[in-house]
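Below, subunit A partners subunit B and then partners subunit C, in two separate complexes.
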Partner chain A sequence: MKRILIVEDEEALCLLYEEELSGEGYDVTTARDAEQALEILKGERFDLIVTDIRMPGRDGVELITQIMGLRKEIPIVINTAYQSYRDDFMTWAADAYVIKSSSLDELKARIRELLAR
Partner chain B sequence: MTSPSELRKDAVSGRWVIIASDRSKRPDDFRPAKTAERPRVSSAFCPFCAGNEAKTPPQIFALAGPDDGSGRAPWRVRVVPNKFPAVSRGDAPARTKSGLFESMPGIGVHEVVIESPDHDREMADLPTDHIRDILTTYQARLQSLETEPQYAYVQLFKNKGMDAGASLSHPHTQIVALPIIPKRVKEEIYNSDRFFRKTGECLFCRALAEELGAGERIVLKNEHFAAFEPFASRFPFETRIFPLRHAPHFSGARPEELAALAETLSAVLSKLKALLGDPSYNLVLHQSPHPARARRHWPEIERIAHWYLEIIPVLTHVAGFEWGTGFYINPVVPESAAKFLRE
Partner chain C sequence: MIEAYPFLAPDFQSKEPKELSLLSIVSQSFFQPFSVDDNLLVIMTALTSGSGVGFNRAMLFRADGDKLRGGKWLGPRSPEEARMIWEVLSTPGLGYLEIIEHNRWLLSRDADAMTGKIAPLEFSLARDNLTIPVTAVAKNELLLVREASREPLVDPRFLQAIGVDEFLCVPLLAQGEVLGEIVLDNAFSRKRIEPKDVKLAGLCGLMAANYIYTATLHQRMVEMERMAALGEMAMFITHQIRNPLTAMGGFTDQLLNAPADEAKRRRNLEIIRREIRRLENVVYELAHFLKVDPSRRPEPFDLKRELRAVLQEMEPRAAAEGREIRADIDDLLPPVLGDPIAVGEVLRNLIVNAFEASPAGSRIEVAAERRDAAWVSVSVKDAGHGISPEARARLFSPFFTTKERGMGLGLLYVKRVMDACGGTIEVESEAGRGTTFRLAFRSREEGRAEA
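For the complex of A and B:
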């Protein structure tokens, strides 16, 4: 079973992603901020990471650059409500950029594509 | 009573500027307080650095450098499409209009020129043959985009430093092709067209000739280029680099001109770096829109458009007065700025 780490500060969204992606057959772990995500990544391995950008403390862009220092090969999906981070070339550390929406179809499609690579 | 300021008009843009020299300050007092660049985290990941090519989209152009034996990077300059672009390639878009609300699909091209495999070597630090390779790369990409007439204007620009809008300190340039001719480009062409119909001359060639005649705002001149602080500079140390030969597009620059431009850029950027404390800056190409699109409005487009580079160090802030009026207040007299850079 493929393992996915979701980094999302909003509790309701965390629960939604966990439920929806578990329903797709993934083993889902959630972290509520970058610090927690990095702590989890010290002891566990994942096949893919989905991260929000605007979070308390370190933002998602800082988080993915930190992750690149640990494991460059891990696919990362940025999942944000904002288009504006497309201008930030540090987001190129990620493999996909998804705008949050009420439908999770695009997020699920990007995850499927990246895990199939 | 003598006025503490002077209003000046820029002939090219038609814009007025207030030159308000603060006499208590010297040009080098405009060295900016350094804004910290985003720190490189842990193992210093940067998507533009050599070794991280897999994190960029596949390259569309690259030039190899001289073999230094390190085998570190098989490229010296490379171009990739924007990984997460705000516009996407497509045919000429149809405009839709509902009353005053006009829109069209977001068609365009957004490419990134990675200027060097080295994260920390800015253009000012590179040897001139490397800068010439960057210019050759610009030219190749512009020539390619000019074969696609759905893109009415190709904008090339470089943001250096966070204060200039750069999100990453690894030296890079961006190229954006747009389906419309931007308003600022139109303003310059309108002014040049009006001047041409009155005098039969290119406005840019005349502006250059008058700057060379006056001499006091010239920073340097070689066989093919002149760098000067415009008479009505909006910002301290705003510098224009004009080719001496009339040409509407950068893509038409000759090899000897690219070599001379590399020397000119190297000299100007090194001076700005050394004398102004390595300021953030924007480097912007001004040139003709696509001739097939521009000829509809300006039949003489090849004679009235004249490409040039503009370098704007970020030393002051644009605020309410500038946004409201389109006037800019420049606290450094351009003649003083030019003298400071010359000496």
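For the complex of A and C:
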């Protein structure tokens, strides 16, 4: 079973992603902020990471940079409400950029693609 | 030895040489809190007042795209009126405010027949077929015209409007950009315009151009700041709306796409309901936030009354939640400048924040006092655990909140309101000893003194 780490500060969204992605057949772990995510990554292996960008504490762009340094081979999906970060060159390091919407279809499709590689 | 001198007072009846007093009036009019047009009229008054250069009338043209358009025409319509105006202008103790009121009156009488004559005038700034008055700005030269009716280079419509044979054209340019032109004449005294009058008027023209240029740049800067703030707002709103929409859409789809037991249905609907409330709150706070209009002119109002009203409103909540509000409001607080409704909102915002930061059973201190002749200060002190230096640095940025469900707009709103009324906000915070927000309002008296 493929393992996914979700980094998302919104409680309701954490629950939603966890349920929906588990329903797709993945083993899902959630972290509510970047610090927690880095802590989890120290001890566990994941096949893919989905992260928001703006969160309390250290923000997602910084997190991606750190994770890139830590685990270069893990695909990363940025999942955010902001369009504008697409122009931030730090986010180019990510493998996909998904803007949050009322449908999870795109997020699920990107994850499927990246894990099929 | 060190001697301190004040700047030369802008005095319309100065004992100083008239050149000095004229330059003093013109240069200091730039710092008056009036509109560009009003300030330009003061410059024109200085050019036409007895103690200034003493021209009889001054006509202003403003550049508008590739055209020079007739604007205001300041001066008497008859020798009798001229005497009357000069009398008004020689009243001792005359200040900018009186001059501006006088000018407004001049321009309002008979719907201003003189300005009516030049307002329809419009000249192309294109280089071919230059006629006077445009020649002066096109070539950036002071042009003294005598025997104008015999001069083919004077535009006949202009000549008909001005109705005199001798006048001086003063171009207003900055950085090669045409801003306008002032035309001066001695229609009533028939006094010949001398070279020294030309030099002095030219100097005033340079200063007026400088002023228009600076004022225009300032206007552009304010505009750009507003656009940048709007962009930031748009980004912030996007975030505030997309997150709840994502949750609502996702939990709705769950119910639509797969059978769910009663507990799950209920849970999803409750989440959706909560997110709807959040969206509603976004709309409410936003509407509120956008109500602050920084371009709105601050008016004097009774800060004491606003503050007491907010405190009274908070009283029941204080009692219910077990917090004490101690208020220390100076009874002799002078009126301050601002938008009373927005300032009421600011006070409410800070007091509610103090409430939420303070533990039950603690005390919130609100004080209002006159700091000096110019400023009134209001402070709100909470009993919370203080703000970290990192948080303090981001306190007024739009994304920042420490509250679970805050929009992060409250303090930004406070800052905007204070900026709009020319006031300030300061924060003092020490770990474990609470936080004090200190607002400073301009008092009405100071506003007067400036005028």
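Heads up, the rule we're going with is that the second predicted complex is superposed on the first by the 117 of 117 C-alpha atoms of A that agree within 3 Å, B and C clash if a C-alpha of one lies under 4 Å from a C-alpha of the other, contacts with A are read in each partner's own complex, and residues count from 1 in each chain.
In this text, a contact is a pair of C-beta atoms (placed from the backbone, for glycine too) under 8 Å apart; a residue touches a chain by one contact, two chains touch by 3 or more.
These figures come from a predicted structure and were not determined experimentally.
Please indicate which partner A:93 is in contact with in the superposed arrangement: first for subunit B, second for subunit C, both, or neither.
After superposition on chain A, A:93 lies in contact with subunit B alone.
Would you check which partner chain A:62 touches, where first means subunit B only, second means subunit C only, and both and neither mean what they say?
first
Should A:10 be classified as contacting the first partner (subunit B), the second (subunit C), both, or neither?
Second partner only, subunit C.
In the overlaid three-chain picture, which partner chain does A:40 touch, first (subunit B) or second (subunit C), both, or neither?
neither
Touch check for A:114: first (subunit B), second (subunit C), both, or neither?
A:114: touches no partner chain.
Where does A:72 make contact in the superposed view: on subunit B (first), on subunit C (second), on both, or on neither?
In the superposition, A:72 contacts subunit B only.
For subunit A, give the residues common to its interface with subunit B and its interface with subunit C.
After superposing on chain A, subunit A residues 83 contact both subunit B and subunit C.
Which positions of subunit A touch subunit C when the two form their complex?
10, 12-13, 15-16, 19-20, 54, 81-84, 99-104
Contact residues on subunit B for subunit A in the complex?
Subunit B reaches subunit A through residues 38, 41-45, 47-48, 52, 55-56, 82-86, 112, 167-168, 170, 172.
In the complex formed with subunit A, which residues of subunit C make contact?
235, 238-239, 241-243, 245-254, 271, 274-275, 399
Which bits of subunit A are touching subunit B when the two form their complex?
Going by the criterion above, the answer is residues 62, 65-66, 68-70, 72, 83, 86-93, 97.
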